[in-house]
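Two complexes are shown next, each including chain A; its partner changes from chain B in the first to chain C in the second.
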Partner chain A sequence: MRMNIFRQEFNMRLRSVIIWSAAMLAMLFVFTSLFTAFAPDAELLNEMMSKFPEALLTAFGMNGVNLATILGYFSFIFLFVQVCLAIQAANYGFGLVSVEEREWTADFLLAKPVGRPQILTSKLLAALSGLLITDIVVWVSSFAFIQLFKGDRTYDTQTLVLLLLSIVPFQLFFLAVGLVVSLLMKRIRSVTPYAMALGFGMYFLSVFGDMLGESVLEKITPFRHFDAQYIIQHDAYDMPLVLISVAVILVSLVGSYVLYTRRNIPAVV
Partner chain B sequence: MNIFLRELKANLKSLLIWGVIVVLFVVVGTSKFTAYYENPEMLAILDTLPPAMLAAFNMQAFNLTTVTGFFGLMFTYYALMVAIAAAMWGSDIISKEERDKTVEFALTLPVTRGRVVTAKALAALVNCVALLLITWGTSLASTAQFHPDSEFYKFVGLCMVALFLIQLIFLAIGIFLGCALKQYRRASSIAVSLLLGTYFLSILPGLNKNLDFVKYFTPFKYFDAGLLLRESRFDVTFVLLSLVIVVASMAGAYLTYTRRDLYI
Partner chain C sequence: MNVIEANHLTKYYGKSRGIVDVSFQVNEGEIFGFIGPNGAGKSTTIRLFLSLIYPTSGSATIFGKDCIKYGPELRQDIGYLPSDVFYYERMKVIDLLKYSASFYARDCTQRMHELADLMELELHRRIEDLSYGNKKKVGIVQGLLHQPKLLLLDEPTAGLDPLMQRKFFQLIQEENRRGVTVFFSSHILGEVQRMCSRVAIIKEGRIIEIADIRTLQQNNYKKVQVEGSNLNAAYFDLPGVTNLEHSNGAIRFFYKGDINTLTRAIGGITLSNVTIEEPTLEEIFMHYYE
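So, the complex of A and B:
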């Protein structure tokens, strides 16, 4: 790792990290604060629902969620935090090395006496520290807001910790996949469409599964691997699915190093 | 005219990709829907429920045993997809000249900046309409196997008009951002954050009745599939509000782009 590359990359991304973190903080605040008013309604709803057969509830996507408990409610809003995290991580992944080629700075960077693996390591670590800052903001604010708005209800701290920790591999998935896809392409003109496609595409896949029943297709989305409802109900990760994510992350990272060291770089003539 | 044609050609690939995504989405959705269509178990349950409750849960609009209910459920996702596409095209079509360092060339041509914006906006609009027609066509084709009645076609038609207005809103906002912002990279990221923000906002009114006023701030709440089905009409306030947003954004786009410094 080279400190100067790391610092440059980190500073470049700092603004975006702050904006994303602030947005997620605001979102967590707004959604969690609604819990106090929402809980009594949810209890009524629960009572009514318990009389319904399961098939009907599945069809309306209402089974498995107990919105009257603070963690059940939190698992519902956590999905939106995950969408943001996914798009942010995918954004950083797609932009990590493609930005140099788009702005014609690649030949400048690569002419420096630093090996390509080292450049990639420094860039990756810089992006990871950015993501970590966001994580810390999400962690602290989740805890704080839940404490603040839970009222007299109790929750299991360990389950919440488990849920909050899951966002690290979740982000890594999008970062690594974004990076390897950007290296497989010849040129990326604009990062946002790709990041949106990856983030929202995976979200859609998972929502589809909720709405209309399971199938193999949904197994590929990290929204399913780190499903908040599953974690809260079982107090554990869905291990086989988490391992899929880990495998994808490892393969993408190794692939990125191989691809980047042999990549043809277009230069300004 | 040649700017318009050039933009159409340049965006063709993106349109095709979006088209494929929409078709896949519709096909996968319909294939899953077949499991619910006139499912005797669920029909029996629905028969036992009192009509008042059906109305309370909006189950006529979102009853998965009918084609109409299925389409009502899918409407939100269609809206999100066409909105993303429109916001991307709108914010990209102006700002890409600066990103690709072709803006000096484009603006030295003997056309005014206003006409450049018009040609580009029209090209993006044609793309949006094409994507909408693809959505419409595949929805009708994939549901034809269930022999829906004329009521259903009317409902789908109304939903498509609603989707078109949502597209127009995000397209206009995207174009405005592309025109107004000095840094080309900001245009698409702000367009995306607006989209995400309004999408998340659209969930709030469902959680708390006091937050009903939020619906004015999010285009995803302007058109309710339930209302479209029950009363076959649009809420005039929201149609007007949409048009105001579109007109204001486009006016802003022309005003700012004709007098701003370019990033070279």
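So, the complex of A and C:
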């Protein structure tokens, strides 16, 4: 790890981290605050929802959601936070080394007396620190807003902690996969479409996998691996699925180091 | 000692050619010119030395060590100025230079300010606000601030105004007097002739000549064009004249030999215009094939 590269990378990404964190904080505030409106009629709402077509409920991840409990409600809105986290992490993953190649600054960095593994490690740690800041904002605001808007209802703190901690490997999945895909490609012109495609793509896979009852699809998307409802209902992770995520992360990271050290840095023609 | 040794370096980008079987040595303390037209493989060669790219076959050593295996260590003593300079647009010049300096073991602060003063660089401007020439100056300062023992300059003068070019050449010559070895790629023959002791000429990825600069100068062709009415091409068929052609009222030819013979011949007839210039590199190359 090289402190100077870390600092440079961290500073360059700080603005984006603040914007993403603020957006998620605002979203959590608005959605959690709505619980005070739902809560008094929650039983009615549950009954009404049971009359909706199953496919519709599944599409919004509301199948089996118990809106009457604060965590049940939270598990539903948490899906939107996950989508944001996925796109943010994928964005950092895809951009980690490709941005320097697109803007031709890679020549500057790689002509310095540092080895490529060190560069990649420093960049990865800087991106992880950015994601960690977002995590802390999500964690603190989730707790604060639930506390603020739960009314007279109670919840299990340990379950909530379990749910909130799941976002770390969840982000790592998108960061690592984004990185390795970017290194498999010659050039990435714009990072955002790729990040959106990976983030939303995985989300839709989880939704359609659910609707079609296709069990193979759900095996590959972290939206399934870290399904909020499962965690809330079982008070535990769906371990075999979580291990798939962990395996994908490890393979992607190892692959990234191998690909990056062997990479031919493109030049302006 | 050979500072750079290229041994049968070959680089293909997929199927397209980078360089083929390039071998040469650069001695310690010399200014070595590397000339060739655009796309001949000059940048490819330099980028191989920096292990920005990896050779398809062959190898290179710098200071006697393999340039891939010992890359990070070797780059402590290498200064690199790319042909196209790109830096982090949102940074200020001073922050970029400090970031650059932070990679090197030695303290570069003093040298950095000396160089910035010399190149008249405004340190508190943002990179994105700089003109191309000013970015190039940033490149020069960041390439020299750690007092490298080897300079790899890839078409360093492109984008610099003539005054800055002169300052830059003085700077390079000063560095060279201190013992710095310079590897200098260019497609401008004049500046190479002025600066370098030896040159390698590369064309379509292959080295076609490695020569002492004096030898090259003896082969110094002039490109001559005369215009006027009722010109007779045969009049200029002197010894040393080649590629003589007559079209659109103008006569063009190459001349190699005593320049006075040529000026007397030109002075002997009535002309409306005359130009005598250095041949372009491509034209020199043509003579290499003759």
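In this section, the second predicted complex is superposed on the first by the 244 of 269 C-alpha atoms of A that agree within 3 Å, B and C clash if a C-alpha of one lies under 4 Å from a C-alpha of the other, contacts with A are read in each partner's own complex, and residues count from 1 in each chain.
The criterion applied here is as follows: contacts are C-beta pairs under 8 Å (C-beta built on N, C-alpha and C of every residue); 3 or more make two chains touch, one makes a residue touch a chain.
Fair warning: this is a prediction, and the values are worked out from it, not measured in the lab.
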Touching partner for A:F208 - first (chain B), second (chain C), both, neither: first
Which of chain B and chain C A:T105 touches, first, second, both or neither: second
Chain B versus chain C as contact partner of A:R189, first or second or both or neither: first
Touched partner set for A:M12, first chain B, second chain C, both or neither: second
Chain B versus chain C as contact partner of A:G151, first or second or both or neither: neither
Chain B versus chain C as contact partner of A:P113, first or second or both or neither: second
Partner chain(s) touched by A:P40 [first = chain B, second = chain C, both, neither]: neither
Chain touching more of chain A, residue-wise (chain B, chain C): B
First, second, both or neither for A:V83, with chain B first and chain C second: first
Chain A positions touched by chain B in one structure and by chain C in the second: none
Chain A residues touching chain C - in the complex, by the definition given at the top: 2, 4, 8, 12, 103-108, 110-115, 118, 262, 264-265, 267-268
Complex interface listing, chain A residues touching chain B: 16, 23, 27, 30-31, 34, 37-38, 52-53, 55-56, 59-60, 80, 83-84, 87, 102, 189-190, 192-193, 196, 200-201, 204, 207-208, 211-213, 215, 217
Of chain B, residues touching chain A in the complex: 14, 21, 25, 28-29, 32-33, 35-36, 39, 41-42, 45-46, 57, 62, 64, 73, 77, 80, 84, 88, 92, 96, 99-100, 188-189, 192-193, 196-197, 200, 203-204, 207-208, 210-211
For the chain C and chain A complex, residues of the former touching the latter: 13, 43-44, 47, 50-54, 71-76, 78, 80, 82-84, 86-90, 99-100, 102-104, 142
